[in-house]
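Worksheet for the structure shown next.
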Amino acid sequence: MEKVFTIKKLNLKYGEKTALLDINMDIPKNEITALIGPSGCGKSTLLRTLNRMNDLIENCHVKGDIKYEGNDIFSKDFDVIDLRTNVGMVFQKPNPFPMSIFDNVAYGPRCQGVKDKKILQETVIQALKNAALYDEVRDRLKESAKELSGGQQQRLCIARAIAMRPDVILMDEPTSALDPIATAKIEDLILELKQKYTIVIVTHNMQQAARISDNTAFLLMGELIEYDKTDKIFSNPAKAKTEEYITGRFG
Amino acid sequence: MKSKRYVKDKLTQLLISLVSLVGLIILVAVFFYVFSNGSSLLSWNLITGDYNSNVFNGYYSTEITTNDFAAPSSLSDEEYFSTRWGISFMDDEDTEGHHIIMITYVDIDSPLANIPDKNDETATISISSGQKLMTVRFSDNTMLLPSNGAEKANQLFDTKTSIADIMVSTSGKGIRGSLITTLYLVIMTLVIALPIGVFTAIYLHEFAPKKNKFVNVLRRLIEMLTGVPSIIFGLLGAAVFIPIVSSLTGADTGNLISGSLTLAVIILPVIISSTEETLKTIPDEYRQASLALGANRNQTTFKIILKSAIPGILSAVLLSVGRIIGESAALIYAIGTSIKDEIIITERSTSLAVHIWSVMSGEVPNFELACAISIIILIVVLVLNLSVKFIVRKIAY
Amino acid sequence: MGLTVTTKKIKQRNKIVDKITQIALLMPTILAASFVLLIIIFISERGVAPFLESQYGDLSVDLIRFLLGNEWYISPNVYGVFFIIINTLYVVFLSAVIAIPISILTALFIAKMTSKTISNFFQIVIELLAAIPSIVFGVFGLGVITNVVKKIAALFQMQTAGGISTLTTIFVLAIMIMPTITLLSITAIKAVRKDLEQNSLALGATKMQTLFKITLVDAKSGIFAGIILGVGRSLGEATAVSMVAGNAGTGPNFNLFGTTRTLTSTMLLGIKETTGLDYDIRFSVGIILVVLIIVINLLLNFAKKKIGRFS
């Protein structure tokens, strides 16, 4: 099994408060890995560490190592922007930029200096197709992205991430702000994207983790309690805490 | 690839940081300029002195031959003391650079402390320190002029026995009149604008029916006041308030009342919006709690709401005072530009800001005086603004 | 039984008191709202007078020559306002061109690029700058900026009238509107959703790319509101401008080192009498100023809607 991320002895503190404690885990390529756990357990923090979005928070201290494709992402020579172009991210609330649908998707490539109109056109259309949005918006690419529905906006954000041709897509509760129908569409999309991308998803929704993920990691109070194949976690967890959580006794 | 992007990013950051220094540089430059030009002039005499210089003309015909006045111990090397007349002189220059002779000391027993007025047989005038010597003609027709200098003046005074004609003038260029005018304007304007503004805010926020067309029109009209430039308010003062005040009080020109009315209209939007903003921050629970206790809307508004709105109203008052002190264009129309020493509220006079305008728009602008007044205005306005910031922070936490 | 009767009475009385208060409070509200109407009515009345033969007989001013004339002299009563309008627009436009980029970059710096302490310090600097009365900027303009402009003119081997020039006016106005635009831009930039910026960073954009392509774009509506306010302020600014504009009698003048004349400086300069044609014509200029402000406001608001269509 090929690994995209290798996490070793990862510790993270916000000021004095410990958010992650001695996390060790590997994230396998072209599979969906779900991070679950009660609020404040550190699952979003862990996700944001993978593309170093935590750099933006003051007082955030990280110890330990994360290797991405064998390279230490905290080393001085490592370019964080390269990391972020290879590791895309989709946020909780759909957040299209205040520009047209086309410009939203073209934003990332343009920031990397892609100017050729033809290449941009192809990239955008391909990304929209991959995000299963193209058919719905093909006639209004020049219109404001704010006019799309919530579910469409989230698929646009996924398309925007895909347009960078990343290897990994991180998703931070991507369906929590959406209605059930839009959620179902996004879940279908995630399963499809698995062919090409490695996906790490934080979710609050246990059924969602069970439905779509291959591996599940259960975190509690900043510690990784259990990490295994999803089938195993949901049918026969090794730890009592895990069982209590997935059967809904707390969280 | 990485280093190029990095360098470009850092260069942009550097550029923005440099540009944002512009504001700081301007502020420092304004302060530096105003203080370096005005501080030498700023003194208690300037603040309490008259603007117009008064000329006194007297004589002393009794012969004096004794030389027994003693020089005061505080006399400096530059002062020349006449032992015969008990008076001392010093060389100086006025704000226009002309040579003058200042009178720096007059003994209380000096004959010059109380001499007959040349223009009025029954009156006397007193020569005192701080006045400047204009001309002296002694009884033997020897003339003394400012260009002769203090040493020569002293020499003549010590040898001559009586004075046929002496002219002195007070120094002038003081700002007491404008300072008093400004205080009058601040008080009168607030007295007019505060009740109107606060009541309007209370009506709009607490009493006015919601989504009422008429109320919306009123609201829009009041909001439009914010966009009107102050010179247009000046025209309002000239076209409406001066005639009204004239017909009521018999004033025949712009005056302090018409000026205050004009300023009141200018600060009205500030007071209304600031009061309404505070009313908005008062939680509805207060109103509900008061109403639940059986109080009616009047009691709720005036006993609970208004009390909680006081900090907001206070900060509106401070901002308004700053605006009144700084206002110039409107007052040029609504009052006029003649600097006065005796302040009468039905007549013209200038606020400090208009005083600056008056001395700057003449043939020879007086930069020192303008800067000295600017120091006063700047300090007051800045203190007011910082206190508003402090009050607002207090409300927030 | 007795108790209920009293409460009923009190209730009724309360209702009446409430009604009276409501009316008593409505009066000052109507008064406050009436001032705009008073301004329109009375300034129009005075401003129209110079064009009426019934008021000024042979001296009355020809409206067409007033609107299209390019000369303004008080003594032989030659009043042409067209070049003054053009000059006003010229200085206001150029002062905005200088002030807008400086203001926006300063706002970015204060809102996004520095530590809390420095940001607070710069915010206070800008607020103090906004609080300085225009007369003080006039003194500063006449005492300092004229000298700067003289030096600039010397670089181009040009002459100025003691530094009093179009360029001086532009600089003074730019300084005066800079704080307004900056403060409103800071508010707009701070209101941009954080996750929007984070998403841009997550897409591999650099911090500067994010600030310029996302933050500013999302804040543009608020920034534009600041620009509208700033332009309004510079159109109506009178005392400081009249101190440094010079007193050009003819125009329009586009030479940066020549003197100029704006609508407001025309209204203030040489004001002596408080009656007569020379006084009333200033009200006519006032009408032009108000109309100009309204038209420009409408245009800018229209432009704001156009550029704001994605947000």
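Per-chain numbering from 1; labels A, B and C assigned in written order.
Following the convention adopted for this analysis, a residue touches a chain if its C-beta (ideal position, glycine included) is under 8 Å from a C-beta of that chain, and two chains touch if they have at least 3 such contacts.
Computed from a predicted model, the values in this text were never measured in an experiment.
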Q: Count the C-beta pairs in contact for A-C and for B-C, then report the pair with the higher count.
A: B-C
Q. If you average all the Cα positions, which chain's own average lands nearest?
A. C
**Q.** Between subunit A and subunit B, centroid-to-centroid distance (C-alpha), Å
**A.** 65
Q | Intercentroid distance (Cα basis), subunit C paired with subunit A, Å | A | 49
Q: Could you give the separation in Å between the centres of subunit B and subunit C, each centre being the mean of its C-alpha atoms?
A: 25
(Q) Two or more other chains touching the same residue: where does that happen in subunit C? (A) 206
**Q.** Two or more partner chains touched - positions in subunit B
**A.** 5
Q: At least two other chains touched by the same residue of subunit A: list those residues.
A: 81-82
Q. For the complex, which residues does subunit A have touching subunit C?
A. 51, 53, 56, 81-82, 84-85, 88-89, 91-93, 95, 97-100, 107-108, 111-112, 144-146, 157, 160-161, 164
(Q) Give the list of subunit B residues in touch with subunit C in this complex. (A) 5, 8-9, 12-13, 15-17, 19-20, 22-24, 26-27, 29-30, 33-34, 37, 195-197, 199-200, 202-204, 207-208, 217-219, 221-222, 224-225, 227-233, 235-236, 238-240, 242, 253-254, 265, 268, 272, 296-298, 301, 322, 325-329, 332-333, 336-337, 353, 356-357, 360-361, 365, 367, 370-371, 374, 377-378, 381-382, 384-386, 389
(Q) Under the definition above, what is the set of subunit C residues touching subunit B in their complex? (A) 14, 17-18, 21-22, 24-26, 28-39, 42-43, 45-46, 101-102, 105-106, 108-110, 113-114, 122, 124-129, 131-140, 142-144, 175, 178-179, 182, 206-208, 232-233, 235-239, 242-243, 264, 267-268, 271, 274, 282-283, 286, 289-290, 293, 297
Q. Quick one: in the complex, what on subunit C touches subunit A?
A. 193, 195-196, 198-206, 209, 213-214, 217-218, 220, 309-311
